[in-house]
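Below is one structure; the comments refer to it alone.
Should a chain be cited, it is by its letter among A, B, C and D, assigned in written order, with residues numbered from 1 in that chain.
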Amino acid sequence: MNRDEDTLNNNPLHSTFKETMPKTLTRREFLKIAAGATAASGLAPAVRSIVIEPFVQPPEEVLPGQATWYASTCRQCPAGCGIIVRTINGRAKKIEGNPLHPLNRGKLCARGQAGLQVLYNPDRLKNAVRQSGGRGSRQFEPLYWPEALDLLSDKIAALSNAERIAFLGGLMPSHIYRLATRLFETLGAAPPVIYDLQSALEGRSAASQLSQAFFGAPDLPVYDISQSDVVLSFGANLLETWMSPVAQSAAYGAMRQGGMGSRGLFVQFEPRLSATAASADEWIPVRPGAEGFVALAIGRIIVEERLGHVGSHRTQAVLYQNVDVREMAAASDVPIETLHRLARAFADADRAVAIPGGYLAGQRNGFSSMLAVQALNLVVAQVGREGGVFLSNPGPTAALRQNLPVNAFDEVIDLIVRMKAGEIDLLLVHGANPMYELPAAAGFAEAIARVPFVVSFSPFVDETAVWADLILPDHTYLESWGYQVPSPGADRPVVSSQQPVVRPLYDTLAAADVLLGLAARLGGKPAEALPWEDEASYLEETVGELHGSSLGAYDARTPSGFWALWRQYGGWWSEKKIRREPELTEVVQTPLPISDPQFEGDPEDYPFHLYPYSSIILSDGRGANLPWLQEAPDPMTTVQWGMWVELNPKTASALGVSDNDIVQVESPYGMLEAPVVIYPGIRPDVVAIPVGQGHQDYGRFAQAVNGSNPLVLVAPVTDPGTGALAWGATRVRLKPTGRKQILARLESLDGNGRESLG
Amino acid sequence: MATDANLSVENDRRWVLVVDLDRCTGCQACVVACHAENNIPVVGEKQAAYGRWMHWIIIQRYWEGEYPNVKARFMPVMCQQCTEAPCEPVCPVFATYHNAEGLNAQIYNRCIGTRFCGSACPYKARIYNWFQPEFPEPLTEQLNPDVTVRTRGIMEKCTFCVQRIRRAEIDSQAEGRILADGEIQPACVQTCPTSALVFGDLGDPDSRASQLARSHRSFRLLLELGTGPGVIYLKGGETNV
Amino acid sequence: MSEPEDMAQETRQTTPYDERLLLAERTDAEINQAVLQPMLQTGKGFWVLVTILSLIVAWGVYAWSYLIYWGIGVTGKNRPVYWTLFITTFVFWVGISHAGTMISAVLRLLKADWRRPITRGAEAMTAFALLMAGLYPLIHLGRVWKFYWMVPYPNNRLMWPNFQSPLMWDMVAIFTYLIGSSLYLYLALIPDMAMARDHTGNWRFKLYRVLALGWRGTEGEWHKLHRALGIFSVAIIPIFLSVHSIVSWDFAVTIQPRWHSTIFAPYFVIGAVYSGLSALASILVVVRRGMRLQEFLRAEHFDSLGKLVMVAGMAWVYFWFAGFIVEWYGNEPVVRELIREEVSGHLAPFFYLQMSANLIPIALLVFKRVRTTPALLLATTLLVNVGMFTERALIVIGSLQRNDLPFNWGNYRPTWVEISIVAMTFAGFALLYTLFSRIIPFVPVWEIKEGRLRYTMRRIGRLLVPTAAEID
Amino acid sequence: MNLRWLLSFVILLLAVVLSGVILTRAQVLGAPNQPIAYSHRTHVEAGVQCLYCHTSALRSEIAGIPSVQKCMGCHMVIATDRDAIRTLAGYWERGEPIPWVRVSRQPEFVYFNHQAHLNAGENCETCHGDVGRMTVTRPVVKMDMGWCLDCHMKQPENKVTHLADCLTCHK
């Protein structure tokens, strides 16, 4: 669509815009004009000429000078909040939450606000490229898209058997996952493996296995924090990056000062005082891996002393059969009086909820701890009640219900083993950066070297794309189509829609169109399975099934009218609240398992627990190439552009280090160096390192940071209960190096955290 | 009081921002939203380490107590739009002054960069362009045309998103109606996930901001200095369970 | 005769009166030549000195253009330390400029005869110090090409500078003081220009003829000159007091801790006098040696000047203590933090340097030997100025590092740009002074002769006795 | 330095200053040359209203320039023989926007809103001069701060505080 630059003069980038206009001025014309101009200007005063180019055919929704807002979905993390984007003259200016969207009601987090820098990032790939100087050479030569697609379809056709192709994806948009699964089914290959660091750190696969065990459905639970009076959160940093932070933050705000005068109690159990614990009323520093014991103790106390008003707990007594409160208190390093006080508060509250968090899933005994915490909700009968636990609403129609499952870490290990064994000829990677996100000890680097042909869909040259032969850059999320059923969901069935808010900046191609193109080129069964000629028509058909449903907040007479409203509203949701009460399975009758946490590395020479946490700014490292996020300070340490090791003041003085001293952190699997941050809110035996920095590739902003990736230290062990990566189960030792590195902090160290001097 | 017929701005309108510290979780959404809305440049690690970062709103984190009963608290601090602003009389060229609606205006193309206002401000909420800000190539497409892109040598600060206030006032006057409470939302207020920030007119007693200002939890930062700050903080509540 | 002996030899056997006898034997013509000769011949040393100084100035100008091109960020300023070395040196130079008025105006009114050979040197120091100080309001501007908005020129945008701002008072005060002191310098120069006009040739003759404004030394001219100097001496005193008070109000009007105090105006003025007189003493010692003016600048002058510096020093200590005790005793949290920072924190070395460099000279200047031995006097007075520079640095940079919110504290590291620009102004001052001494006679000849008339020798019997006459 | 030299120096100086002033005024008020010789006069005489082409003046801050489609709306039939119309048709076939040259321009830090001015009862002639009678459009007045302020200060008393507030026009 053409653009009216009438407001261009008051926009500083007037000159930049002119290049993209396809106007070629041949050299001779230029000379003619220049000669004429100099002659003319000699006589008449040369009036400084600013050109205004009107539309040729003005689009009807654009009023020159006023902004046009387009609704879409935020893709900065898997939560899937609805956004509206302000565009002027075809340029995206500001992202805001979609006020109508039931999940985030017009609100947005820091990463969502920084989405524009993904679209306009200076380090984006401009077209399909092939790595000309061999893998890792970082020399790329551009390719035409038809040529690239032919190359890939020939590779697929040339496969000896279908098992030799693999698709490793991150938490990608649902519609690409559906197309990919359908394509791979028709090829006879295994379905895509979905795994990324964000889902590992928030324990997404463990949480869905927990729901399967408790409620018989793999959908993620939704914790109704806004209505509850007492919230016990075990390791869930729900106000930072865990599951759906914006919806949970809005609920937290309502719980605190929502109204009706009641102000909820919020207690956080974790070894490190995170930004969530900072907003909590109490932070209980539990020994790593022992959160489950605290839950068991509290449950036992409630059942034993018949606390609360829920009547007799005889039915749940069997759960806590072999639980000894004193032993549990000792194991978890939490005083018994605190356990009794919290149990009484939890039981007496009208509406209370206990939340099993991501950190629990990061331990070897993760599943048993999560079962114990979820059992607390049973004890106070809060499952399916206001202020308690609900289940996410699945997609309203069959096509939309096929939400992408998150594979556990052991399935990724199986894929790595097959790659090392040379059973994979073609690897496709979309929306994930395994070279950076998997523990180094998992051996993905050697595995990828053995795969003859690797294709990456990343719009940026990240660590994995550098080891790919062919990069088919996908549109960034503000330029592409799609839909997503948010999970954990909102208080009603929701499907967020996604539409391009600006014309694609470069010659990139949507991943869905690549898959459709491949299917067309391969012909036969794949072509029938994916008959659509482009992504938009595929989406229009999938979404069309929603047309005419009685629940919807809006409806249209014709399918194309519905398609237009679907894009304007930014999705489809039911008018009234429809909450899904979970039904309990029989797991309730068996005694809860009690298993001690094991850690890699014996305690003598590795005395500290490593706690790699996902920072609110960079989440799992995907935000590292956005300058706004790199410069936004970390809430707890106020460090910008940095990576650090957090030590308890006593541990630091024992080691003889203080702020900004570089210390060497070593685990049985790896070693890194980082400056120290003295952190009063962490257990003396725990060392915390934020995830997200230490990129060798991924653009100038990510590489500018002098930091390293803590996953170098993490042991590739899993929790036997769920197969998830036990990223919290590694022990490390520290050695001061005597060198210093000044971290860019917002606060002044001389002020040492005081609010005032009064 | 904002009910006079001739819709002029003569009434004693006083824009204020209410910050509920009980709701603030320190998530930095307001910091990034402010960067996006007001064309604030990024300065890189070396300059940020030397105290030359350019955030108009910062979340100050305070530690209290010793491990294990240690507590951390957040406090978002931005320009307080003081009624008795110490920065206004000291500017030699009238680049900053107090306008009729209670905003402490900072006129970017009038400022000559003496930085006297920065030294005089007790909240240190004024930010200086030490170098020429650069926006690597396609990032310039994101610049908001309603806000000047500042050059080097100019002082800048939170303006309560005056471009949004101005546009809403013109639109409401054009439609012949009175500005509704909550119609104007600066970028930080709009995006705050826990709704800790509320923007409103203190002159209108039934606006949400005025009601919150009357709460027993309200206090003002460094009130004892007599600057008359226009940002009203609400103390974190004590739990009643 | 080499310099240290002659001064000492003079003091040993002759009484103060005999010193005047020595000069008494000189005829007027000889005095004229004694003043003009050092001005006319410019030895190799002079040209070496001029080249070195102009190299430093050139380097400073390069640093300044580097600063204008890249922005204030090349200096060490940051948030919250917005004002650093430039404003400190600005206050220092305005301080130095106060000695001129002190000597020529105040002592003229007090009829202290020992000021006679010093007045022109002092007034020149005022003018040049003010020129250097005047550069800083431009150097520290973020957008120096828009400085003209501080000038109240009529424009159709109805935009005037803001006269509530102390920076505007600064601008007005410094311009008035610059104009006032250069006029004062010029007035006292006219007779000497006439004398120089009559004794020099070619280009100097043309220059002095214009500068002498046709002075012929008639009775009417002398009468008008004396009346003009009288009026000027009285008129410049309030300017002298107001300039440094206004410079102190740059800091006192804010509510920044340790700036916001009422003692600042007198404290800065006394500090200016103390620092200015010491600078004058140092310069006179150097110029006396460089231009061999031993005959005119004798021990008695340095003795009296040394006493005046000591008195000014004591007054400074009193005002400093008055400010410090109130702040320390008041025990306001931020001020207590700043004082603790100064006494035992990272500002301690500067604080103890400031205190020692300001107190030790006062003790030393009690001894006549120190006051009259050029080398010792030079060392003491330079030490005073080092102390006063650190004192101003502590006030400006030290206080800005702390404020009411500990989250916003900061610290400061100077960069080469700031140091080169400060060096430029010092070298610029020295350069102007050296060129001045080769164009304008350093010692005011007519005042010396007027002084001599007052002590004509009368013979009473066999005794030669000097008689004092009431001239003005 | 006799008198003759002095006098000639002064005259030369005066000449330079005067030509400088005239040149700048001319430069500001000069008529930029447009890609198509468009005449407002013929269109206004044919009865076309300002808002027909500059549609968004009432609803947005910028007045807007007519799209090529709007021009072709009439000139598909009317006066298709003129060479100006032929160049217009050329642009239309090539689907290229016409590179009009801006006549009255504000610096980048100024926020000017047509909607507010039209609502306040001003019409186009107040600032742009009688464009209806111009064959070659040219600015009639140097629209700088002094000129705008002069008009703002003459508004009714209750509006002046807002209109004289810097934030009204400075971004």
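Here, a residue touches a chain if its C-beta (ideal position, glycine included) is under 8 Å from a C-beta of that chain, and two chains touch if they have at least 3 such contacts.
Predicted model only: the values in this text are computed from it and were never measured.
Here the chain at the heart of the structure, going by C-alpha means, is B.
Interface comparison, A-C versus A-D: the higher count of C-beta contacts falls to A-D. Chain geometry summary: the mean Cα position of subunit A and that of subunit C are 67 Å apart. Subunit A and subunit D, compared by their mean Cα positions, are separated by 51 Å.
Distance from the subunit B centre to the subunit D centre is 36 Å, each centre being the mean of its Cα atoms.
Chain centres here are Cα means. That of subunit B falls 46 Å from that of subunit C. Shared interface positions of subunit D, defined as residues touching 2 or more other chains, are 108, 111, 171. Residues of subunit A found to touch two or more other chains are 7, 10, 12, 746-748, 752-755.
Subunit B has residues 51, 58, 60, 62, 110, 149 in contact with two or more other chains.
Chain-to-chain contact here is organised exhaustively, every possible pair of chains being in touch. Residue ranges on subunit B touching subunit A, taken from their complex, read 20, 22-29, 31-33, 35-37, 42-46, 48-49, 51, 53, 55, 58-63, 65-68, 70-75, 136-145, 149, 187, 190-196, 234, 237, 239-241. Within the complex formed with subunit D, the residues of subunit A that make contact are 2, 4, 6-7, 9-10, 12, 23, 44-58, 63-66. Of all the residues in subunit C, the ones that touch subunit A in their complex are 333-334, 336-337, 404-411.
Residues of subunit A touching subunit B in their complex: 7, 10-13, 16, 88, 91-97, 104, 106-114, 116-117, 119-122, 124, 229-230, 239-240, 245-246, 249-250, 252-253, 256-257, 262-265, 273, 275-279, 281, 283, 285, 345, 349, 505, 616-617, 627-633, 635-636, 638, 640-642, 648-650, 680-684, 700, 704-706, 742-748, 752-755. On the subunit B side of its complex with subunit C, the touching residues are 47, 50-52, 58, 60, 62, 77, 86, 89-94, 110-116, 118-120, 122-124, 127-132, 151-155, 221-222, 225-227.
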